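Note that subunit A is present in both complexes that follow, paired respectively with subunit B and with subunit C.
Moving on, here comes the complex of A and B:
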């Protein structure tokens, strides 16, 4: 072995290894960037160096205990390298992060940080590696085609989130969140980043137009009451069956008893 | 019909009672007789009677108001610029008016009968089911007359062809429903095969855009149909079998880290760089299984909670499904699009007679 290595060293320039590594990094990095081009990392970064610095301080104080000092992830929480600003904005602005307690799923709750602080955290995480950016436009819910959005929603989302976005149960204590009060930005970021157990719907799967149509559909069902009367929380046959059994059949039983009873 | 009175044989001790074939037990439960008559408050007190009369009147007046309100609501809340809220309000008010109009008539009538109408107890005995000899003889007479007049016994040819016609009449139904069964049809063939074939591109449901392998990032889920499914007829319409074929061929496409997958020997090449395609049709009763959890790699069926582990070839880990979801072997064509290597290697969906 020793002889072989000497031979190799003799043949190669001492810089060869560095050159090979550099070339490899360029190729794989370029390939990665090309593969991710479809994921719309239009990162004309709106963040200043000060944002990133403050964000890093916020991160170390509030997030690093689980996500690691360099956001590399630990056993308790995943790496945040490459998750992008959209993911941070979604998780922190809906209060899911920082998590209050570990469990099957992190709850949404009032946000712990100000908008400015969320922006700084997002700036820091976005500075680690390219990833989905916070959407800035195309979120006008009146601009999309809600009929088309409804069709896409029923195919891609309704199996977990319910046909009108009321949410639903998953396995082992997890659930798909209700979208009845979700804002267009939250819906867009969730599709783009796939928070927690939700899969990712990148821009090649659901194009930005598709996403806008879905937002229009959800905004439509948020703003328009059901034509069929009270929705009973949109839980479908369970709530409706319970109502029918208890109140409808109960009413029929009560009337039958009254019919058969003698007058006092 | 003049002798119908004779048929009635009151069932009480003062009359003869013919038991027919019935076994009469000597220790049968004694007839407890009539409950003693109990006077109602409305019989005893004029005040209560007047109150009840007022209640019944009020119910009927309420019914009138409700019916009139229903008509008022129809005109007062027109569906001029139809929105869901308008439809909901209009139907609610019209329906409430009609139903209260009817309900109040019913409640009023029952209340009237229970509180104010005479409530003497009366016993009405059942009559025997067997007719009198006279009635029975008359019935036979009528049947014979009908036979004579129609010639049913005499006209043998007509009678027999009628029997034949009645016997053949249900046959078309049997033949039509035979398509549902295993005999004499290609149903089994249809259940065994789907629209997937070697080289068919995977396309996005519902618009049929083909999918490139590079589009499927880790954690992504695509709802997939065969690209050929969207091929149109010459007149631009979709294939008439579109929905039937889609119901069998629907596929869920997921990308995970390749190290997550544990393919069994012979199935290593069915995935492409961590991209796997599984039938979306539950092997229990055929609901679409599409509730995918990105981190647990579980696929949940919403109908009966069958849970499949995508990391282990969609093995059943919970619920009533009896076998794993079939996997569609996939590859990438020269242009980078995902294609099927072949059809599924087993029938998709729930069990059937030969499976």
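Moving on, here comes the complex of A and C:
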């Protein structure tokens, strides 16, 4: 035992821990910087100075009370510096922002701003710091591979959103939204920005092609209702069981009562 | 029989055929014995029939499916018509299920008929069990038939589970993974059993073929045998009937099997088949194409078993976490073992109930007249408590859907249900027992004083009374014809000693019959009538 310990004394050296931490920091920090470089490679803006100015006014009137006058964030809401135009476009166009009420999660509702105004808000937030831009390519569902998209969806998304995007429960009153109505742009933006409780699937994680395949799969299941008839909201065996008890057995019991009734 | 031969000669084709058969297999004797069996008329006696007919539909539709289904886990590249799976790698079993759904003519309809009738089979069997329980139809001489029926319910669950695990899609694979996990959670022997069942490490390559053998041969054969025993026993015991004038423990009041019930039951089969076909043609069940082929890594949100396995899934979800003990090299994970123990214990209690009640009452008489649930308050209350316990476990399998659809917090739904699992059965017991006793008191009141008519009349001497309409004797019979048990005392045995067993039994007897409302007896009835005349 003693001999063995002597052999390994480099590991016991007081500098060993520092060296290991240094190496770890270099690897993780370098890797993060590299990944970030991939994510924020493109940052050319399609917005005019006028867009940014009007966006700033809209922001001050509608968003600043929670997000701060310079979008720096308050106790009530996070900073928007660096979230990018895609995030603003997603949150505002699906009606999640401005939020109707604080709660475990913001609900989607009819959009509160016009497309023009959403664009101006996005322009303002994008002008604060670089961030993901509103996607313009890889949105065509017909150009994607739905088989591959289905597989990626089941591996990355179905555990929260259900196999066909019917939605599902998260902890403490939060939920994964139903994707049955989501448009290709919304799906893309959600993956890119990770709204609310959703993780970010950046381009290093799911490439734009992967995202397009997922959009292609979801669009297929949105547009092609089940060949077997009514889908019972795609809730699976619970809905099927309730249907069997209430409508099938309930219907048959009603028939037995009719058959067993004495004729008057 | 000898003069039947002589008569048949001039009877034409039908009589000739009947005679031919009678002389060779004794049809007349069989028909005489069997065809004149009397069956009473009541809607609740048809629930078991629904189960039987859905089983027949299962056999028919299942046979159709075996022509195309291939129970192999060999990987293939799918090249069928369903777009979002074209080119995907999957097992032969899943590919053939997709082919049945999309390419075999009528395949999807038959798959849906098969699956819907499976749900209906277990549901109607369950409802039938509840009818038998709450009317006391399990009492002597039918205790063993109760156990046979219970066996059928369990076999129905087994048939269902082995069936929905066959397509080898993501949903069924997740279900198998849970079973695998539960088996592995059994200390010492779990991992060996799992390895034996799956032919190595999960999922292996043989489980679908094994489940297939169970699903199409062993389970249905056992169900057939149990159904035969179940029905044969019904013929031997004769059917029970509800109380009414002329209905006693030594007779059956109803119509003969031939021709009334054969026609009724035959027609009813087609009604049940019709309902199943109607639903199967219009409502999707188990859309396997949505789930994709099985891959052990993903799990979809909203992954639940079919309803009859739901209560066990609920037990798994509601079990308290972080309860683990380490003994030697084994971890006893109580969040797996507790649901197993609860499931087995609950099943044993259900199966053994008739014997327990017979022991408590000490009643060795045969019972062919059914109880109205209110006239056995403690049994009815125990039944409701059991149902509530089962229902909470059952709803426990849908915690996530309850949370999302009613905008609740998943964690709060879960802890509420954990509390409800204990509290609701107790509340259910108390409320049911009190309700039964009140209904019994109401029955007494009606028998003794008639129904309130709401008509107030003034007597010649100025008194106002409400006119009570006396009950017809036919109606009154139903309200007073029930057995009344009183608590028994613990008696000493032959050696003059009161055993612990006797004390326990008398304790239970007190628990059952201490609170009771006795049926109206002849004296009370007479007194009530005399009293009325004085008015």
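Note that the second predicted complex is superposed on the first by the 213 of 264 C-alpha atoms of A that agree within 3 Å, B and C clash if a C-alpha of one lies under 4 Å from a C-alpha of the other, contacts with A are read in each partner's own complex, and residues count from 1 in each chain.
Rule of thumb we're sticking to: a contact is a pair of C-beta atoms (placed from the backbone, for glycine too) under 8 Å apart; a residue touches a chain by one contact, two chains touch by 3 or more.
Computed from a prediction, not measured in an experiment: that's the story for all the values here.
Asker: When the two structures are laid over each other on subunit A, do subunit B and subunit C clash or fit?
Answerer: Once subunit A is superposed (C-alpha atoms), there is a clash between subunit B and subunit C.
Asker: One more residue to check, A:199. First (subunit B), second (subunit C), both or neither?
Answerer: Touch status of A:199: first partner only.
Asker: Could you look at A:160 and tell me whether it touches subunit B, subunit C, both or neither (first, second, both, neither)?
Answerer: both
Asker: Return first, second, both or neither, reflecting whether A:151 touches subunit B, subunit C, both chains, or no partner chain.
Answerer: It touches subunit B and subunit C both.
Asker: So in the superposed three-chain picture, is A:79 touching just subunit B, just subunit C, both, or none of them (first/second/both/neither)?
Answerer: It touches nothing on subunit B or subunit C.
Asker: For A:227, is the partner it touches subunit B (first), subunit C (second), both, or none of the two (neither)?
Answerer: In the superposed model, A:227 contacts both subunit B and subunit C.
Asker: For A:217, using the defined touch cut-off, is the partner it touches subunit B, subunit C, both, or neither? Pick first, second, both or neither.
Answerer: second
Asker: After lining up the shared chain so the two structures overlap, which partner does A:168 touch, if you call subunit B first and subunit C second: first, second, both or neither?
Answerer: A:168 contacts both subunit B and subunit C.
Asker: Is A:235 touching anything from subunit B or subunit C once the two structures are fitted on A? First, second, both or neither.
Answerer: second
Asker: After the superposition on A, what does A:245 contact: first (subunit B), second (subunit C), both or neither?
Answerer: second
Asker: Across the two complexes, what residues of subunit A are contacted by subunit B and by subunit C?
Answerer: 151, 155, 159-160, 168, 170-172, 176, 224, 226-229, 259
Asker: Quick check: in the complex, which residue numbers of subunit B touch subunit A?
Answerer: Where subunit B meets subunit A, its residues are 38, 40-42, 83-85, 87-88, 91-92, 110, 114-115, 119, 204-206, 211-212, 214-223, 254, 288, 290-296, 298, 300, 302, 305, 307, 318.
Asker: Quick one: which bits of subunit C touch subunit A in the complex? Just the residue numbers, please.
Answerer: Spelled out, the residues of subunit C in touch with subunit A are 41-47, 50, 83-88, 101-102, 108, 112, 116, 119-120, 123-124, 127, 170-171, 264, 268, 271-272, 275-276, 279, 281-287, 290-292, 295, 297-308, 310, 397-401, 403-404, 407-412.
Asker: Using the touch definition from the top, list the residues of subunit A that touch subunit C in their complex.
Answerer: 104, 146-147, 149-151, 154-155, 158-164, 166-173, 175-176, 217, 220-221, 224, 226-232, 234-238, 240-245, 247-249, 251-253, 255-257, 259-261
Asker: Hey, which residues of subunit A end up touching subunit B in the complex?
Answerer: It comes out as residues 35-36, 38-39, 151-152, 155-156, 159-160, 168, 170-172, 174, 176, 194, 196-202, 204-205, 224-229, 258-259, 262-264.
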